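Common to both upcoming complexes is chain A, partnered first by chain B, then by chain C.
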Partner chain A sequence: MRWDAPGTVELAREQGLSEEEYGRILDSIGRTPNLTELGIFAALWSEHCSYKSSRVHLRKLPTSGRRVVQGPGENAGVVDLGGGWVTVFKMESHNHPSFIEPYQGAATGVGGILRDIFTMGARPIMLLDSLRFGSLDAPRMPHLVDGVVRGIGDYGNCVGVPTVGGEVDFHPSYNGNVLVNVMCVGVARADGLFFGRASGPGNSVVYLGSKTGRDGIHGATMASDVFDESASEKRPTVQVGDPFTEKLLIECCLELMGKGLVVGIQDMGAAGLTSSAFEMAARAGCGLTLDLSLVPARERGMTPYELMLSESQERMLLVAAPPDVPGVLEVCHRWGLDAVEVGSVTAEPEVVATFEGREAFRLPVAPLVDDAPRYERPWVRPAPAAAVTLPPLHNRDWGADLRALLASPAFADTRPVWQQYDQSVGASTVVGPGADAALLLLPGTSIGVAATTDCNALACGLDPFNGAAQAVAEAVRNLACVGAEPVGVTDCLNFGSPENPKVMGQFVAALEGMAEACRAFEVPVVSGNVSFYNETSGSAILPTPTVGMVGVVPEVRHRPRGTWREGEALYLLGAAEGELGGSRFLQLVLGLEAGPVPAVDYAAESRAAAVVRGLVRQGLAAAKDLSDGGLAVAAAEMSGGTVGAELALPEGVAPARALFGEWRGGFLVAVEPENEQALVRACEGSPVNRLGAVGGSRLKIALGGNVLLDEPVEELEGLRENGLKWLSES
Partner chain B sequence: MQVEVRVKLKQQVLDPQGEAIRRVLAGLGYSEVEQVRVGKLMLLEVAGGDREAVRARVEEACREVLANTVIEEFEVRLQ
Partner chain C sequence: MKAGRRRPRVAVVIFPGSNCDRDTLAAVEATGGEAVPVWHQSRDLAGCGSVILPGGFSYGDYLRAGAMAAHSPVMAAVRRHAEAGRPVLGICNGFQMLLEIGLLPGAMLMNRTLRFICRDVHLRVERDDVPLLTYLRRGQVLRLPIAHKEGNWFAPPEVVREVESEGTVVLRYCTPGGGLDDGANPNGALNAIAGLVNSAGNVLGLMPHPERRVRGIVGGEDGTPLIRGLVEAA
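And now, the complex of A and B:
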């Protein structure tokens, strides 16, 4: 098929466009498109690029606030940190490529999110990964886990950005669709930001980075597709990344920006040259001319269709004033990167490309970007999970229950994962992986930048609204554990097919829950990504709206710690009992994925987080939030497997709810005896209970004189260590 | 019998290693080398005399483990 063959309705269907969408194309350009034009429409109108099913609902998220410099709509969000600094961050999914080829899929996911950050003028300082896998006994699953982890590690390590946090979870609903959500946080001077805008008619358009090959053609349409048994046939669309070239690209772009040679810049991510050209033109209200014969090609005989739709990695599109072009090319060549002037900015809002001396396509910008289809997909509001009748929960062997929880992969020590990552390159890491949140120093200052990713997908499956709101609350708590105040959110919304009203209902409810929580905590959403069609043969993943939250510590004076020390007193901040609905205890011990997920008590959560934040900043306390697994698991984790503790639960509580209940917005806090009074004073007006003291080698929890559990902490830690050990042995 | 298995990246896939070698060659004056693709050569000693059965078995091993068929292609040669 020639690149300039007529784009028929059959070809449109093959590329994922509906008949109705094909009609819209004919109306908007008033003629039959050629194959290349059709491919451009298919890519930009794909779910992945156009957000056609989600856009009408994404408006519900709060996106403004006093710290917000740039909200959604750019390559990444920007939030003010104070002192003339801003942080630039975003999270993105690379689910579909990672399922097909885990190593390269995850690696190029890291590469893509890095480019979204440095294209804004920011230096990437940390990466976090939120990973979801299926059961470890499902086909290919150990291979997928191993490949994804190595892919992330190798790319991040080579490029010199530390991987400092994230989460790993397992559930059979991910057997056919693993989730790889990668978040990058960068920093920039407030006056050093750049945007993806092709402004100033007459300016030059420069292509820079790797050459364009025939890899990953139509990746965006793949990401908008449901897998079936023939997933292997979709294989050639996976790309191979080159982190060493990415490193050159980072340094080259930051140098070009520092020298004032850049008017606008954007990376070529999904849909490659197509999305960068059309989106940059759309944001500036301008147009572009491109001479595709000049695009550096890796292979001979590449057609306009391939050049426009290739998703070869490590490429950028840059707009510069014509007198600056020689300077731009000189810097790029010094970094060993291909750089060619391929066109110019025009006032007319259309993109016109030539190839071998003749016109390859001419398309108006608006229908492809701002006026792309938007759908009000039918949806049904999910009914929240009903209360479940539990078996009698007394006289259990609570120690065995705790051991069962800790031995499950969900609570496994993630060391075999993050030991494959360079966690400290850049020498700014204060708190690295394995903690509640990561904390890094802004290079050359004592300002702390913290980040966490959170989502309890099990809860979101039972109650998408409350589950998503709880994910936001957990992120706030995790940041508090390292003394950080939340400043902004990026989200990665992973769902099944939006054409299924039930899935769409989950999406709408989760989004509304997230919106409510972000409003209540006053943390705006500044960037994000939607990943639909995470389903295989009709079976969708658990709704997984991952929250990435960034926080700030104005001055880091003490290194926060997540473990307690001999002789410290232990306090429980927050309610003495939690709820068992949707808890890990129900899921992993009783085998029940059931029960209501409570709403977030925003006022209580905010108060408790503020108390913990203050104590941690002053170096007075070690804190762990009570989330997955409740108080018992938090205590086992705080022991670090070395020092035990004796805890007495407040009189009158139900053992299961006190030990393993979740959703209570509480913290377990350890303080030196001389700081106990300061703690109690700080908690004034909020529930606080002294539980006991740290010492010995056993974790002992009693209620009213009865010992509920009494376990050696070293053995508890050993259980956690075993869960993912095979990863470091393979 | 000896079986030769050649594995290389598919033509449309980027080969960062090959590209690095090309750059070094160019830097040392071999600028006429326009492209380098790096692959693997594996020599297998396989028991059995039925050539077609051996070929089928080795090809199966290639698909299963010796090549990542998502991004690589393989060739089996019997001596």
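And now, the complex of A and C:
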């Protein structure tokens, strides 16, 4: 089929457009589009690029606040850090490509999110990965885990941005659809930001970076569809990453920006040259001309269709004033990168491309971007999970229950994963992976930037509203453990097909829960990503609205730690009991994915987080939040497998709820005896209980004189170490 | 160093894929040196007294770590500098380059796990009698991070014998107490070798990253003595 063949409704359907959408194209341009134009519509109107099913609901998120410099709509969100610094951050999914080809899928996910950050003028300072896999005995699953981890490592390690946090979890609902959500945090001077705007008619458009090949054509469309048995046939839609070129691009772009040679800039991500050209034009209210014959091509004979829709990696589109173009090209060539002037900015809001001397396409900007279809898909509000009758929960072997939890992959020590990532390049990592949150120093200062990713998908499956709100609360707690105050959120909303009213209902409820929590904690959402169609052969993933939260520590004076030390006193901040609904205890010990997930108590959570934040900043305490697995798991983790402790639970509590209950917004805190008074004073008005002291080699927890469990901490740690050990071997 | 005196100038060579260059420049400044970035296409070292080849992926390292960098214009200057007896420090990818151009013996294989490894290791100091190692004491144990996929030092038996008999091993992977134990060797390097010096004592290569440990808040200052030794030898 020739690139300029006339479009038909059948061709439209092949590219993922509906008949109604094809009619809308005919109306908006008043003629029959050629194949290239049809491909451009299909890419920009895909779910992935247009957010057509989610946009009407995304408006519910709070996106403004006193620190917000740039909310959603740009390549990434920007929040003020003080001292003339801003942080630029975003999280994005690369789920579909990673399931088809895990190594390249995950690697290019890292590459894409890095470009979203440095394209704004920020130097990327950290990466986090939120990963979801299926059961390890599912087909291909160990291969997928290994491939994703190697892909993330090889890309991030080479570009020299430390990977410092994230999560790894497992559930059979991801057997046919793994999740790879990558978050990047960058920093810039407040007056050094750049935007993806093709402004100033007469300005030059420069193509910069790798040559365009035939890889990844229609990747955005692939990511907007469900999988079936033939998923492996989609391998050619996955791109191949080149981290060395990415590294050159980072340095080259930051140098161009520092020299004042850039008017606007955007990376060629999903939908490649198409999205960068049309989105940059749309944001500026301008148009572009492009000579596609000038685009550096990797292969001979590439057509306008292929050049516009290739998703070859490591490419940027840049707008510069004509007198600056020689300077731009000089810098690019010094970095060994292809750079070619391929067009110019026009006042008329349309993109006009020529190829071999004749017009290849001419399309108005608005119908493709701002006036793309929006759907209010039918949805049904999910009924929150009801209470279930539990078996009698007394006289159990609580030690065996704790062992069962710690031996599950969900609680495995993730060291075999993150030891494959460079965590300390940049020499700014104060707290790296394996902790509640990462904490890095802003280069050359003592300002701390913290980040965490969180989502308990099990809870979101039972109650999308409360589950999503709890994810936000957990992120707030995790930041508190390193002394950081939350300043902004990026989200990555992973769901099944939006055409299924039940899935759409999960999406709406989760979004509302996240919105409520972000309002209550006063943390705006400044960027994010929606990934629909995460299902295979009709079976959808658990709703997984991942929260990425960034926090700030105005001055880092002490190194937060997540383990307790010999001789310290242990306190429980927060309720003495948690709830068992949606808990890991029910899931992994009793085999029940059931029960109600409680609403977040925002006032109590905020108070407790503020107390912990203060103690950690002053170096007075080590803290761990009580989340998955409750108090018993938190205690095992704080022991680090080296020093034990003796804890006595408050009188009258139910053992299961006290040991393994979740959703209580609490912290386990360790302080030196001389700081106990300071801790009690700081907790005034909030529930606090002294549980015991650190010492010995066993974790001993008693209730009213009865020892509930008494386990050697070294053995408990050994259970955690075994879960993913195979990943560190050859 | 006395106030008012000119700070020693240390060249930090920047290859397109260097990614520890900024950390190295900062570490030199933090230990009293004047850090001078030198681009890989330069044919001289800007009159600096010492030179550091920093870590990273010089030219992408798709072929073999450091193999392409060995042929870059600046390396001729580095070689002349080394042959004149002036101080040269190669860190990680920089160590790999020193092996590639033959300033130090042996070669790097893939880690025995065939995986990238980034974690803190313990290192036993084996030499303290050359100017570069002024601030270290033989038998001292350092804790520094490694971050590499090709750090499994290898050489034919006669070269290993020579290295050991000449005593040019500077650092060995060890237990926290300083003992040699295969479990403490992260990558499979022969004789747990993590760092080497040439027989003249002016060219030093090591796999761990001292430039990442010059501030306590990010995990310790065990890297300071190595960087300071190079700065003051400039």
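Quick note on the criterion: the second predicted complex is superposed on the first by the 729 of 730 C-alpha atoms of A that agree within 3 Å, B and C clash if a C-alpha of one lies under 4 Å from a C-alpha of the other, contacts with A are read in each partner's own complex, and residues count from 1 in each chain.
Everything below uses one rule, namely that contacts are C-beta pairs under 8 Å (C-beta built on N, C-alpha and C of every residue); 3 or more make two chains touch, one makes a residue touch a chain.
Computed from a predicted model, the values in this text were never measured in an experiment.
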| item | value |
| --- | --- |
| Overlay on chain A: chain C relative to chain B, clash or fit | fit |
| Of chain B and chain C, the chain that contacts the larger number of chain A residues | C |
| Chain B versus chain C as contact partner of A:V240, first or second or both or neither | first |
| First (chain B), second (chain C), both or neither touched by A:N466 | neither |
| Touching partner for A:S312 - first (chain B), second (chain C), both, neither | first |
| Which superposed partner A:I100 touches (first chain B, second chain C, both, neither) | first |
| Three-chain overlay, vertex chain A: chain B-chain C angle, C-alpha, nearest 10 degrees | 60 |
| First (chain B), second (chain C), both or neither touched by A:S344 | neither |
| Which of chain B and chain C A:G160 touches, first, second, both or neither | second |
| Which of chain B and chain C A:Y421 touches, first, second, both or neither | second |
| Contacts of A:E299 with chain B and chain C, given as first, second, both or neither | first |
| Contacts of A:S728 with chain B and chain C, given as first, second, both or neither | second |
| Superposition-derived minimum Cα distance between chain C and chain B (Å) | 5 |
| Footprint overlap on chain A, where chain B in one structure and chain C in the other make contact | 242, 244-245, 336 |
| Chain A residues within the chain B interface of the complex | 100-101, 104, 210, 213-215, 235-236, 238-242, 244-245, 298-299, 312-313, 336 |
| Partner chain C, residues of chain A touching it in the complex | 150, 153-154, 157-160, 242-245, 247-248, 251, 335-336, 418-430, 441, 443-444, 446, 556, 559, 728-730 |
| Partner chain A, residues of chain B touching it in the complex | 9-16, 19-20, 23, 68-71 |
| Complex contact set, residues of chain C against chain A | 16-17, 19-20, 22-23, 26-27, 55-57, 59-62, 112-119, 145, 147, 149, 209, 211-219 |
